[in-house]
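Look for chain A in each of the two complexes below; its partner is chain B in the first and chain C in the second.
And then the complex of A and B:
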């Protein structure tokens, strides 16, 4: 860890006191000024209103709904306390959804980052025609979820799909991509990784090209292998970006919905019934708003925990 | 030139934003215009879930109705998929945005009935002395409760067994009988698979709760107590019964002998099975009769259609229907509700039902439609197209083939499908059914508790 200049320069206690008192003076002035107060409310008001209506109110309402049972028309009827939560956390079905989601999230994040790093490292070499590969590798950024899903559904089609044709041609056993529980999970993971890869690649490539070339030159003079250079120069230098990309990928995968809806609808045998998709189905298919609300609260807590964990653990290891 | 680029750089974004907002407002206003009726007419807002060719046909029907009289103007509005539309209809009730007339699908019947947000069409039937006997009895019974007609059946289909008659001829296999038993279907599927040297898969059955419920209906078996909900509020579900086991054992047998291919569940399964069927890679599949159009256009193959299969040694009870009905909302003035009913009557006439079947593949519900030239022409061209209508006409309504009148059918169906998926993937039939049954009953208990029943 580098020391910040502020820590390394000794400051006299007197000057610190002076700035402190100055700041305090400004603060008191600020709180006393009624006009400033008025402006503060005028500027904060609209955003507070919007946040209140669209974020805080729904959040509180969700919490409220999760403590009741809801009837045919979605109105709360019987107060059940935490029993919706207890039912969920003891239901094998929900726990398997949780397990499936965690598996999916980690598989997608790890594979995307690994492939992104490999591709970015290849494309960061200054070679003639590399621009073409950079464009190709980042091309999936422009593909929408629905297009990707339909495209891969064609590839996975058991009778006329590309993969089925290839395996027939090579006399390999057919994989029932979308109907076998294990295969369907991998089908969804492959499609998600394929979709995410363009963005990850581009961000990592940008970070790699910002690493000072002098570091590599020095390493070359020392005779360090390119593998050594990758792990000891590239990775540490791009670690803030790596942290950012992995966080984004992880949280986005938790929220994955479109692909699941279009490719598997949570099946087969709930093998791809992720938490978000489950909430949607329980609320807008089955009309079970109470249970869906409880599921939303649990999901919020999980995502908050992961975000916290990533900031606490990963940020410490980031080499700025 | 430089000035222009500087100008663009500074103002491009704000200009873009303003243009977007203006276009947005124009669009919103444009779509608003579509909801107001012509002067002197009572607007009847109609929510429906028909996409593609069916939407075109429905819009034409609405247009014909509006031209046929000058008191009401029906305004059709597409609402997306069935499942989500139900929630939209219920949540918007009592607001100015809610529809006066809406289409809602088969398994939402109990939910809408219990919401008490509708005027049963029986009220208008009685007022007008409207003769319902022309409309298919098995379709009517699906949307009625204790003799009271809640809604009028509209787009209606029945599950049928499709077979590729040309393939059967090519490989010298006798196709399934008109009302085939499970073993007859197995025989045909197996022979096709063997005679084609495994080039053609014999059969498939989509992982679809509807098809399993129809298998129960056809064997005269109830899924839930109180006569499948028709004689009282349901309190107990029995999925793990001998009929369900027979149905799944039948599929299991075919999976084991290799002639069965599994396309999974959902819309993609339907697309895939139809693609395989048209590409001569699949001999038999069971699906909604609404697919006849897709299966006969752009192919030289001859299509064969049989009734939904029944277990061996059991007389076929006839299957229930699928599709959706037209409901009248009770949050609009009497005049508007009357307009909605007038449109329903218009939609059920022999001529309009015949045109509807021609355009969409849904079955004509009016028995007089069968004599119209429109349908006679179709039957002459595709003789098999007659079969679904015959199956519909032959079913005598009773509790087991009039649908399952229970709230929470969406979740029940999902659990049925999970059980089917498990069995298709090798899970023991008994344990798959038991797991689903337990979850269904727990859900039913919660629903009854929440509704105070």
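And then the complex of A and C:
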């Protein structure tokens, strides 16, 4: 029988000093061991199987499909090399989707970060009852995509919606939110920003509360304004987190699908027909699997580039 | 010194005013939605937003005339199964990467990391064909099986496992604990917090799935709540606003409660586990 950890007093795991030596530094102490090999396969097996079947295989299959023409059930017919890509990159329609997506992605990221910074900066003040405001500001984290769409579809509804009522009360011109191409894009951007805000706020608040208070105390003695402190102390101190959260927002926005399906269905006149929505439409509505596969590969390249950048930031933060 | 660090009263009033205004703006969509969920649809259609005819009728209708409870139940099953599976498989993989020495460990870890660069959204065509060929369409398993593990989860847990004191492993070796016992009796209990964080993430991640369930489920028996709400909107053709808002409120209120209780774990996950 094995002794329970608590009985082995001298080396009781509970009394071990955490800061002493970390496993990561002791890695060299391990030696190759035949038994380990079998355990490794047993422990990694399930994950490897799932990732293989649902991540690696489909990526190779998508790449393969993108080099062919396909019939309506997705079987390959003729090898066409890169011509699916050439067709896409010379099609005004696809380039417009790419442009629309880029506009959306950057607008969402910039506005989310700006508002997140404003909220986090205010909520990082040491005031009685600030905890309540922190909770309220992070509330949108609990909103799923379909709930957000319902809330905002009512707000933007042209005839009985909230904004339409407010415009009537205040005798302002009505904005055709979901029927005008520009307004529809902004409606989707506003809804996405709102959904993102809680998460971004929480991360930025966490970073701000880690900034040493002595920096602010020194600045206060020097008589620096709060605006000066924000731009010259807060922003530089949280810049790794700021960059990291911007990249997450950017990557997630490239993958937007739910809100578009729920709010605009890519319209009006393709004004919000973004990359993932296009893949879905081309594959599952038009049955053009080859073209949708080429679009998938282009999306993957974009996401992979930004994810690599994110890994670089992560690496820096480890040593930070 | 006190004069310098303590803000003046007028400054404080200004801060609270600003905080309150911003909180109202951030919460406005909730408040508007919640308020209209108590109004008869007739009043909403006539623009009587400030009508006093408030009632729970929309909620009664939502519970009795729509499968909203079934949708919530489906989502609960799918999200719980995904969460449990990810806790098991991610922690097992992370254990192998930290505590087992085997050929190709670095390469395999690189492979796991690489999957984080490949968006699932770009793989829906072959994945749809795969689950169709497996006969999984329109079932709970089709929404769980592809997400039984996650590279992000493995990465996050590996970071925390590496922070464990080396003495723990030495003590386990002295006591002759095998790998499975060390994993189960020491590594998992020691990493409760990161495991809870991963649990919260994987649950919410599954709860918020939209594209994949939309492709793979066709009946209310299996449809999760996100797609169920979309289904209701298309059936009700956007006219019964009162009831639609009530269904949204029914869905969002439990999530908000869970979120406020579990907030601590999200924060620690983002600021420690994931970003380390």
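Operating definition for what follows: the second predicted complex is superposed on the first by the 255 of 320 C-alpha atoms of A that agree within 3 Å, B and C clash if a C-alpha of one lies under 4 Å from a C-alpha of the other, contacts with A are read in each partner's own complex, and residues count from 1 in each chain.
Assume contacts are C-beta pairs under 8 Å (C-beta built on N, C-alpha and C of every residue); 3 or more make two chains touch, one makes a residue touch a chain.
Note that the coordinates shown come from a computational prediction; the quantities given were computed from them, not determined experimentally.
Of the two partner chains placed around the shared chain by superposition, chain B and chain C are both touched by A:284.
When the shared chain is aligned, chain B and chain C each come close enough to touch A:74. Look at A:267: by the touch rule set out above, it reaches chain B but stays clear of chain C. By the touch criterion stated above, A:93 is placed in contact with chain B alone, chain C being left untouched. Of the two partner chains placed by the overlay, only chain C lies in contact with A:311; chain B stays clear of it.
When the two structures are aligned on the shared chain, A:180 is found in touch with chain B, with no touch to chain C. Of the two partners chain B and chain C, more chain A residues are in touch with C. Residues 74, 153, 157, 160, 283-284 of chain A touch chain B in one complex and chain C in the other. Partner chain A is touched in their complex by these residues of chain C: 4-5, 12, 15-16, 18-19, 22-23, 26-27, 29-30, 32-33, 36, 44-47, 49, 89-90, 92-93, 95-96, 98-103, 105, 108, 111-113, 115-130, 145-146, 148-149, 151, 154, 161-172, 174-177, 179-181, 183, 185-186, 190, 207-208, 210-211, 214-215, 225-227, 229-230, 233, 238, 241, 244-245, 247-248, 251-252, 255-256, 258-260, 263, 266-267, 270-271, 275-276. Those residues of chain B that touch chain A in the shared complex are 83-84, 86-87, 90-91, 93, 111, 114-115, 117, 207, 261-266, 268, 272, 275-276, 279, 281-282, 407-408, 410-411, 414, 417-418, 421-422, 424-425, 427, 439, 446, 449-452. Chain contact summary for the complex, chain A toward chain C: residues 2-3, 5, 8, 11-13, 16-18, 20-26, 29-33, 36-37, 39-40, 43-44, 46-48, 50-51, 53-59, 61-62, 65, 74, 118-119, 122-123, 125, 127, 130, 133, 135-155, 157, 160, 162, 165, 168, 194, 197, 202-203, 206-207, 210, 217, 220-221, 241, 244, 254-255, 257-258, 261-262, 276, 279-280, 283-284, 289, 292-293, 296-297, 299-300, 303-304, 307-308, 311, 314, 317-318. Across the complex, chain B is touched by residues 69-74, 77-78, 93, 153, 157-160, 176, 178-181, 263-265, 267-270, 281-288, 290 of chain A.
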